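Taking it in order: structure first as structure tokens, then the write-up.
The letters A, B, C, D and E name the chains in turn, as written, and every chain counts its residues from 1.
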Amino acid sequence: MIDIIHFIQTKYYYLVVILLMMLGLYTTISSRNLIKKIIGINIFQISVFLFYIAMAKVKHGTAPILWDKGVVYDNPLPHVLILTAIVVSVSTTAVALALIINIHKEYGTIEEDGILAKQKLDEEWMNLEKQKLDIDRSSVT
Amino acid sequence: METVYSSIPFLAMVTPLCAIALIIIFNNKPNLRESWTILASLIKFGLIVSMLPTILDGKVIECFIVTVLPGLDIKFKIDALGIFFALTASFLWILTSFYSIGYVRTLNEHAQTRYFICFAAAISATIGVAFSANMFTTYLFYEMITFSTYALVAHKETPEARQGAKVYFVFLFGTSVAFLLSAIFLTYYATGTLDFSNQGIFSDARGKGLSNVFLIVTFGLFIAGTSKAAMMPFHAWLPRAMVAPTPVSAFLHAVAVVKSGIFVVVKIVLHLFGINLLAELRLGIVLAYCASFTMIVSSVIALRQDNLKARLAYSTVAQLSYVIFGVALLTPSGITGSIMHIVIHAFGKITLFFCAGAIYAVTHKTKVSELDGIGKKMPFTMVAFSLASLSLIGIPPLGGFISKWYLAMGVIEAGQIPIIAVLVISSILNACYFLPIVYKAFFKELPHGETAERNEAPALMVVPLVLTAIGTLSLFFVPSIFLDLAKMVVANLN
Amino acid sequence: MIDVMLLLIIVVCAIFALFMKDLLSATIILGIYSFIMATIFTRLNAVDVAFTEASVGAGITSVLMIAALSRTKRYEYHYTKLQRRKPSALFLKVISLLLVIITGAVLVYGTIDMPEFGDPEAPANKHVSPRYIAESEHETSEKNIVTAVLAGYRGYDTLGETTVIFTAGICVILLLRRRINT
Amino acid sequence: MKTIQDLPVLIIVIPLGFAVIIPLVARFNRLLPWIIASTITFFCFLTSISLLITVLETGKISYWLGGWEPPWGIEYAIDYLNAFVLAVVSFIAFIVSLYSRRSVEMEINEYKQSAFYSIYMLFITGLMGIVITGDIFNIYVFLEISSLAGYALIAMGRKRDALVASYNYLILGTIAATFILIGIGYIYTATGTLNIADLQERLPALFHSKMVLVALAFFTVGLSLKLALFPLHTWLPGAYTHAPSVVSCIMAATATKVGVYAMLRIIFGVFKIEFDIHFIPIANILIVISSMAIIAGSAFAIAQTNLKRMLAYSSVGQIGYIVLGAVLANQAAMTGSIIHILNHALMKGALFMVVGCIVYKTGIEDISGLNGMSKKMPFTMAVFTVAGLSMMGVPLTVGFVSKWYIAIGALNAGMWYLIPVIITGSLLSAVYIWRIIVNIYFPEEFPGHELQYTDGGTRITDHKSQYSEAPWSMLGPTMALAALCIYFGISATAPLYIAEKAAVMLLQ
Amino acid sequence: MCYIAAEEKDKHMREHIIIRIVSKFFCPFIQLYAFYVIAHGDLGPGGGFQGGVILGASIILYVIAFGMDEGRKRLSQKASDIFISTGVLIYAGIGLLCILAGGAFLEYAELPLGSHHLASHLGIYGIEIGVGITVAFVMITIFFETAKKERFDRQS
């Protein structure tokens, strides 16, 4: 019991981060709305950033900008990595949004179910066309 | 054994492939196109004959081509058995080429270029199988036969032909990948080599602690994998493949394809496992019983076939089992007899198919029941037919007698006297399904509306079939080269 | 204490973003989420990251999402009770919940061996980073260690990062632009 | 001499730079983007070959970016494995670039072509960046470059379904990348370093740490998503089907291969093989999964009517082979797996290029559309036959070589029961490939009309018998790949030599 | 949602005069701050990326207030396209210059700019500027492309 309390006390940051990640991941997987998925994935990624930053924290450390000797600094490397990751995240979001706009233009909906229904319609129509083509072929020869 | 290095085997294998290129180039000039085929067959036969003296001197010819992977070479090694098969196949190819030309022109077949291309590829692959020095090369050419003959079986492009070709492919390719390839994997894994050796790879590798179960499973996979040998239950493709044009049936399904299968089985028994190992595991006798079963059952089925080619096909299934049967006896005479049967059956069956083709080309008859009195219209053809069928029944003075004699000797040597009954029964069955045709042809009246005037097929078809019929006759009187070679095979085993 | 408060708020934000049917609200909440996250980053002394998160996460991302929303639909489709109780919909929910719980459990399992929060002896703080802290001024003549690492030691990653941004720009042009010169 | 020393970085920076330049210069000449793409990928190919030769001579190249010593800076570490994969990727990129001109002209709007080529170059740069780097976070960055480019490339497909396929890929790809990011985070927390060589040294002491276990799990799942291992393959068929032909070619031939490379590097390079086998049964799990991939991928492929979708599912099966060979973790199987990276790139590249030719000429993507095509496009169909036979694993083609090694490796590992799996995969691929080959050469008739022959023996022409082959600029590269399929099938010694060295290195 | 309205230059736009004036007033300051952030990445938080984003944001603000067309008048599409590429080229170019100067890729200290310290300092400045340019103009481009309504957009 004490172990568990100790575990939570010393690592509550990580646990919250994991909770956030899972909320984001759940939104991404379970949502049927394309934009909602993007929101979920953003939450997921930003939580991962927090994980990195939390890991870089050193007790009594200060921001890794040199100002005096004998000061404890936080680990700067995860900060650098996360700077890059944030950029990646926003780039992905931008591309995803561009795709969504195009999808909406083509299908008129941003719901997965709606898109699936339209795709099914497309397929049926294609099959009909194909049959027509076959009939044409056999009648020509 | 002395080894001679030479590139002649490679040339012999490649000659038909070169002919393919020429055939494609002269696509639109039929006469020139066919002359390439003939020329290639002659050159090839010449090349193979040129190797004969060396082999008869007791030497072995080797020819290395390329290393595909470390441990996996494409390599030729010509010993008595190889040249025996190559000689048979390449000689019969010459005759078949003439016959094919006559046949496709008489019937005005479509896609003749493709036909000749695939034919050449198939014969090239057959020679490859005959010459191969290791199981990998064998497998390679074995598959090449399947692919090249597929096009011939599907040649007519009718739904029936497509269906037959499908069965053909499923059986031949399916089993060869599923079983033969697995067996090759196992062999390589267990022994580290695929090169044939005189005592058998597995005999050589016995020291490595291979369990009996492993050996039995591998042997089973090998036998199941060579479905070209048409052992039951892997025979179903052969009757279905009869949708192919008759020269294809004649040459490929009496000589090249099925004999390659048989040849691979012989190689597996003699050079992969070795007769001593198989005797020790008692696998030989099991195989012999399987072969006996196939022999009897397919003969019985053949009795009931009305379609001439189907009857011949089932007869082929039965006759092939003779070869397996002889080798499975694992005795010198048995092996000699089975090897002799390769050539004797080849000559006999090709004659029969040639005759069937000639009959079809002239009268468009395919059924046995329609053949009443046909001997009067086509005397040469039907005399040849009679000779060949008598030979396959095993009546002296025809070639068939020799192989049956040796097989019987082999049975006695093996001490399996009861099996001799199988030989007797199967010979009787042979007679039962062949003799009625001969009887009908010569002693029954022609059906109404047909006159008895002579109406033979063109010379291009008749001459080859007469020649092969004479071949069956001469194999009895002068079997020397073939018999010598067969005996050399046996001698080399030790 | 304030840290705990912030963490609480941020969890609430995440949950709200999950349940919001109005996508515009969800987007705004995502912006708030990012902004609070930036605050937390500041609390954890990651000032550069906080700066970036505030300007990118809370700023640009929100603007882009709103722009995209204006061209698509504002409201998520509201499933009726019947649709929500369809086996396929339930199945999807259960499966994703299961996946998420498994992933979360694995992650929590991994934290058992993790050094405590803020542990100066953690391997992450002991191996590579001390050199950055000790030598960066001398080696790259930068006061800001993050910039020193970003542009100096790991300058190549930053080239990659710039390329990612460039790629995103070209991708968006490729996807959305209609004619090259209008 | 100096430039030769800098080749490892030039192979990335030069294509990157030109990818950036392409949109600037495109307005001067319409063909310029294509010319740049072809020239630069050719340069990359030459460079990768020279790197390969150097590696074979010296063993390992290490390049310190910015002159910083490895654990502190980013290192390019080139050994047998990535030199080999780099050569494969750059070669395929070069061939596909050559091929792309006419196909892109037809399938992509003219005003989008310059951006298209730019993204195409970035895609290749990203892939090569993943392969060449020796830093685990750098892998993530370049993975994202190639992924973003990949999403846009797929979305360029002609049908609107391409957008949805691309979006699905984006979601799954981003989840995968984030998983990889989590894996990097855990492993960094455990070790404090990001350099692969350094990780390799420091990890054995930490093998009991739960963090390392979790990191491995997340890497595995993330990379499996990226390389479309069986239950996580769902994005792949849609993406390959709807992407433009050129994109399908390059993605099928290189993207998943690079994913496999990353997996090999991380599972075997970072985590040692002892760790994989002794601490968690990840190898066993992957053996089961990849066996399922082989069977399921091929079985799904049989059910398809769209040619590209069929090939995509076949890719799923072939990826199963690569992963299976790798996780068997013995030399023969690993060699087979590595050489299958090349072999599958060659044959799948050729097959997708064939599809591109067909689409260019006829617009048909359906399998039934190939009926009797041998008269119309004999060369293209010959390539299809060769590459198809290769997929079936027929000897004398590359497909046989890798299957041979993987099967022998399975036996060496004592897993004889994998032989039926490998064989079944082969047979299933025979079903879906042979079916098409037969239809190409022995056309099925449409119901309602009889076979007709002319006197000369040739078939009376129907609408497909007119000879109308794809342009040589497309046919040439396609045939080159097919020729290599055969060449490396007959004489596989050269690539095998490298693959064997790479396998030995990974299994050390 | 004001920017959407801004795009359609109709009369109710004039009601947003406050927004226009405020944004016009703030724009230069924001831009100044952006340059400050880019330039002072070495001393405090910030750098090329953050500065670039702020620079981009200032223009986005202007566009929101004054509309797409007005924005495009100030910053043509062609120019921003060129700037996008320029940033990356500056970055990669500095790296290649380092190679030409005899160092490794991106080894700023080898640049022939007096002392190693100065060279390294200037090198980092250079790449920060490169990053800043690319980021700013990519952000602007993405915003322009995403927010631009088209005739055939379906109304929701």
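We take it that a contact is a pair of C-beta atoms (placed from the backbone, for glycine too) under 8 Å apart; a residue touches a chain by one contact, two chains touch by 3 or more.
As the structure is a prediction and not an experimental result, all values here were calculated from the model.
Participant: Which chains make contact with chain B and with chain C at once?
Facilitator: Correct list: D.
Participant: Could you run down the chains that neighbour chain D and chain E together?
Facilitator: Intersection of chain D and chain E contact lists gives A, C.
Participant: Going by average Cα coordinates, which chain is farthest removed from chain D?
Facilitator: B
Participant: Give the label of the chain whose average Cα location is farthest from that of chain E.
Facilitator: Result for the farthest chain: B.
Participant: When you average C-alpha coordinates per chain, which one falls nearest the overall C-alpha average? Tell me, please.
Facilitator: So the chain nearest the centre of the shown protein is D.
Participant: For which pair of chains is the number of C-beta contacts greatest?
Facilitator: A-C
Participant: How many angstrom lie between the CA centroids of chain B and chain E, rounded to a whole number?
Facilitator: Here the centre of chain E sits 80 Å away from the centre of chain B.
Participant: State, to the nearest whole Å, the distance from the C-alpha centre of chain C to the C-alpha centre of chain D.
Facilitator: Computed value for the inter-centroid distance: 30 Å.
Participant: Between chain A and chain D, what is the gap in Å from one C-alpha centre to the other?
Facilitator: 25
Participant: Could you work out how far the Cα centre of chain A sits from that of chain B, in whole Å?
Facilitator: 65
Participant: Could you say which residues in chain E touch two or more other chains, in rising order?
Facilitator: Within chain E, the residues that touch at least two other chains are 43-45, 49, 81, 84-85, 88, 92, 95, 105-106, 108, 135, 142, 145-146, 150, 153, 156.
Participant: Name the residues of chain D that each touch 2 or more other chains.
Facilitator: 16, 20, 23, 65-66, 137, 141, 144, 148, 151-152, 155, 182, 188-189, 194
Participant: Where in chain B do residues touch two or more of the other chains?
Facilitator: Residues of chain B never touch two or more of the other chains.
Participant: Of all possible chain pairs, which ones touch?
Facilitator: Going through each pair of chains, those in contact are A-C, A-D, A-E, B-D, C-D, C-E, D-E.
Participant: Mind pulling up the chain E residues that touch chain C in the complex?
Facilitator: Within the complex, chain E touches chain C at residues 1, 3-4, 37, 41-47, 49-50, 53-54, 56-57, 60, 77-78, 81, 84-85, 87-88, 91-92, 95, 105-106, 108, 117-118, 120-121, 123-124, 127-128, 130-131, 134-135, 137-139, 141-143, 145-150, 153, 156.
Participant: Using the touch rule from the top, collect the residues of chain A that touch chain E in their complex.
Facilitator: Chain A residues touching chain E: 63, 65, 83, 87, 94, 97-98, 101, 104-105, 108.
Participant: In the complex of these two chains, what residues of chain C are touching chain D?
Facilitator: Residue list for chain C touching chain D: 106-107, 109-115, 122-129, 131-132, 152-157, 159-161, 163-164, 166-168, 170-171, 173-175, 177, 179-180.
Participant: Taking the touch rule as given, give the residues of chain E at its contact with chain A in the complex, in rising order.
Facilitator: Touch list, chain E to chain A: 43-45, 49, 135, 142, 145-146, 150, 152-154, 156.
Participant: Per the contact definition, I'd like the list of chain C residues that touch chain E in the complex.
Facilitator: 47-48, 50-52, 55-56, 59-60, 63-64, 66-68, 70-74, 139-144, 146-148, 150-152, 155-156, 158-159, 161-163, 165-166, 168-170, 172-173, 175-178, 181-182
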